[in-house]
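Note sheet for the following structure.
Naming follows writing order (A, B, C, D and E), and every chain is counted from residue 1.
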């Protein structure tokens, strides 16, 4: 057994030593850390490994057209619609709450939007504003109930899941006189000036140019396979950038993390948890409203099943992207990547020879493998345990 | 400002006082507390208020036949099937994990059970054992992945949700040669000796006796309206009692609460968190297996959609009954009451004159009101804030 | 001990007959207390006496079940800790109020982030925040490895230092410290006591909760002892000795037999 | 101080050159340590020195990245805290390892519930557990209102007492206490120190982590000082004075200027 | 050659699995490759993306179901523009031509519902319920609407789920609370047919109740044979899978194509025809 004599003031050798260390420029209590492992520590970048794996899988098994420009746009479009929702869900989850009603809210917002346009013949801008206003109010109500009663948001928003879905049905029947499908939106809005914001494709000029110069693949009869980038992809990318910026670079972001990490501690430190959470509920609702507007304009119709189970898929995408269900941890980029993984797996099967009966088995296995893979890689790289 | 002189040893008046208090029999730091408020603090009894409210609502609005013996049995049967699942889900939630795969597991277990009986012509007992064995293994796999990777159980069991659902479809098509429904179970098992455990009604003798003595309402043609208590209700009650006993009166129960409350703290205190969680996953899976067996025997068939979204309903029932999504808090009786509330609301509307289009609106509103009501009552009674 | 500030007529904060019940549990049954500018008022008492509950009513965490609170002579009802902060009351809670998953810097500035830029481009100035955090922690005697380390991975004492440094850094009229030195090392404790002394000289009122009589005697001007939810009384430094204080803190009950070897004060 | 036990040739537990890294953070870089029956070995050091990390490797919470552990001379690798318990090592962690939502009794007996009945009817004997809990807490100087109160609603010191009482109650060959007195009142502290003394006399080896030199000197037989993940050395009680120890604990860096008024020891 | 099939029905739906079986049988018989795709819930937005994905692979023919012409229109038009022959199946007869499809194989859900309603009315039904296991699924809603219009008497929709216990309890509740109900229209024989029959028995009124269903299931067919149920509406969805694939295969090989739409139903199955369908139904062909 090691037993040193008690050190005395005139034996300061190791004390000196310690102090020298303490004042040295690099901390001796850190091993070297590569920028790579530093990066992999970020919640969002865990999902990168999963995305790579899924991409490689489809590269090997799917029709190569999947990764042509047209194929990319094809699977990125649903991924973007899901992704916009997932962003709202992810921010809310980071803030420590759930919103299960966003799926039904798509149907409800779709109802409001289409009736505004088709039945009340409002101009597009007014219809959009009205829709967003309505969903924002619903978001506020959700938030208010959750915050003022202290009930789990799971159960409160679940009630709204049912109620909004039911109201969409009732409303649709009322608006159409008995059907559950309302059509005719496309015709009603076709010459609105702001339509390009929510419908169609962006950068069409550019794509036309590329098409002319043979940079875009064509169908056998010569028609170019894509004519532009669907506007939802632009929204998706823009909102991801915005959410990332807010989370990482603004005080509000700090408050969101704090509210989700420990609401009591955050409140005791002076964070206005109520306002933050209300804002997040409204943001999630607005995302749902935006998706509703985009899909209604895209399909020209709405029905009572729109957005069915989308809340679930949005949460899945956020979790794949590294958000914790318990709150306080996650990222917008993670939700972005998670949505792409999910969208790719969902549409990718079409490009393979796998039988549709195996779709769900395949979806589940892909999810599991992707998540396990990114988890393993991250641990390997960061040395975490 | 009050300023007392510093107390000295010869001025022990208030010290004495304090000590006298300390040795008094009743603690002066407690106000009087009625047994009622004491009871209302129990997580399960919160749901009682919700149940009462829902009952009163239907008493007032629904056809009185709803609360006849036959009506009770009618809505308690689906409630019991849901409830058995909810018990598994509730225990698992108290232990800090989710199992989203239990709904799909019903379909998968149904497939195993029916093929065992119809295709392989195994006797009932063997088929039951085989089914339970298979689901238990799946539960173990779930648990093993969750525990050894540290991934959230939400995402792992979600993968199994998809995979098991997909496998059920593939398996059914294989077993039937192309159909999604496998029939003929009833015919194959009709003279098994243990059938009464999983099918039909219990206490038939007793009900026959009551029927003879006119204690049971009859149909116009003289047949008594019910002939026994469906066996799933007996299982439901029995399992609730068992789960309650385990949770509140055994060391295992303590470990379950501890594992869910804070897995690290529990582990550091010597609780075998791994084993507890594995056991809970297996229990939840076994509950799903039991429900599968009961429903297959009840309907005589299984199909690829069995148990669709039941995992969700089970979690809802558990949460209505006071389980926390974050783990460590909840009760079996709560899940019991939650299932009954859910079952009652689900079936009850049919007994009222309310337009069925409003079904979902009503379901959501009832859930919300029930939960809000029990929350308010509990706070009022216990003085909590 | 320098400058045992003479209490001025108008206390910064005054609490009158504060009561607090949790359900059927009575935590405070009428506690009165005041704090003046430039003094360090020690709040002492046995475990479970109600000290933390009391300062939590003062910092807006709990709403008292009874009693009134006066800030600068005006009656106020605090609705949230943020209101208390705006009224100039900064608190280091016993449980520290930190988010384990967040980095040291983000915890340090939680709720009061420094920004740069303007309008919609106003953003959290992380670089400056990191520098301030490292510097302030160094002042407390803690050399952080990196300001991005999650608070959950800090040692108990390091974490406590973050909480104290945070409260002190933002300045306040009243600084409440609930057992700030409990997990601290020798050097860090000395730093905290020195800090108390320093801010007191800047006319801040400090409320200092501790179980260590020596720490209390080192910096306290007045001493209030709580026992089982009630005050046993308030004394100034000149009126009381360490032994008397120790006796009061133990509610006069017998101390275990090791007493002698501990030299009277624990 | 009675019976400063002579170390026997075979230590109960010996740790050799323990290293521990968390990702790229080095928490321990080669710490050796031993504990004998009947002694109280104090583990001292600055905040963040690695004391808690070290005792966590000893109690099976962390697996060391390097080094070996010997129990009664045989090399062991602990896979879980439960294994450490079975090997006779009981620990009071700095974060107490309690479940806030559970009652005091349930926390007290967590993992080691007393049962009555037999076979499938064996059940948790709650009545007896409640009695034991109330009695043991009373012994620590805490009078609980009721054993069903949730631990999360206890005061900091009350909670700490539950953790200590629990570790002591179940008996062990080695008792590890990580800053057990940090949140305790005067009376409770005296009780804990007396308890350490008592169990030591029962041939239990006690590892006592503290920042209070006076507490360490009051009960310690040997003192090991950690600094930045390394040992500065081990000394017996007779080899060292309180001042020297204090200097070592502060890693020899300068103390703030209040020193004088604190009478040398904090 | 490859032929792509995109429908709106889930793979595990009893009805659509028969369609898929038809598709596969035709592919085997005609010696072509097929890919069958469907979204996992009634989701028009996802379905139009699946059509896009199929079209991207430049198949020799495309078969789509058409429950929402405005949502799927652009995707189908894109296929037509790319020169891919399109056949629509199941619902959407009225929009098929407009979108440029060569022909339609199927039955209008509304018409089928209407003829069922008329038949039940002629059998003496006055007060009916329409058991809908997936409210909001436009195809099912149309069946109910058609039923209501054809039935002309008192009728209401009873929303249920897929769970047999729930369907049974709800149907029983509906029967118990309204003694006047004499007709039950079940939208899916496989999911809610048997539970509805069981519920009718539970109430002790089965003799007086008219029970009819859409689609086939072995259990329900047995009940028809035993006269416990009135009839079921068969739209012979096997044909909706088989015919378009063979048409398109022939078209790709020889350039031939029938000139008009093929109505695959409605086909009323009553007691006399039930027995023969039972075995085929259990195998997923009818």
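Throughout what follows, contacts are C-beta pairs under 8 Å (C-beta built on N, C-alpha and C of every residue); 3 or more make two chains touch, one makes a residue touch a chain.
As the structure is a prediction and not an experimental result, all values here were calculated from the model.
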_By that same contact rule, can you tell me which chains touch chain B and chain C alike?_
A, D
_Leading chain pair when contacts are tallied as C-beta pairs_ = C-D
*Between chain C and chain D, what's the gap in Å when you average each chain's C-alpha atoms?*
27
_What's the distance between the Cα centroids of chain B and chain E, rounded to whole Å?_
36
_Separation of chain D from chain E, taking each centre as the mean of its C-alpha atoms, in whole Å_ = 71
*When the C-alpha atoms of chain A and chain B are each averaged to a single point, how far apart are the two points in Å?*
32
*asked:* Give me the residue numbers in chain B that touch at least two other chains, ranges are fine.
replied: 22, 29-30, 165, 169, 173, 357, 359-360
_Quick check: what residues of chain E touch more than one other chain, meaning two or more?_
11, 135
*Multi-chain contact sites of chain D, meaning residues that touch two or more partners*: 22, 25, 95, 145, 251, 253
*Flag every residue of chain A that touches chain B in the complex, lowest number first.*
145, 149-152, 154-156, 158-167, 169-170, 173, 316, 319-320, 324-326, 357-365, 367-368, 371-372, 375-376
*State the interface residues of chain A toward chain C in the complex, per the touch definition above.*
22, 27, 29-30, 245, 249-251, 253-255, 257-258, 261-262, 264-272, 328-329
*Where on chain A is chain E touching in the complex?*
63, 65-66, 68, 70-71, 74-75, 77-78, 81, 165, 168-169, 178-181, 183-186, 219-221, 223, 225, 295, 298-301, 303-306, 308-309, 346-347, 349-351, 353, 355-357, 359-360
*Note which residues of chain C are touching chain A in the complex, please.*
59, 61, 80-82, 85, 91, 93, 95-102, 106, 109-113, 115, 122-124, 126, 143, 145-146
_Show me the residue ranges of chain E that touch chain B in the complex, using the header's touch definition._
11-14, 17-18, 21, 135, 156-159, 161-166, 168-170, 172-174, 176-178, 190-191, 194-195, 198, 202-205, 217-219, 281-285
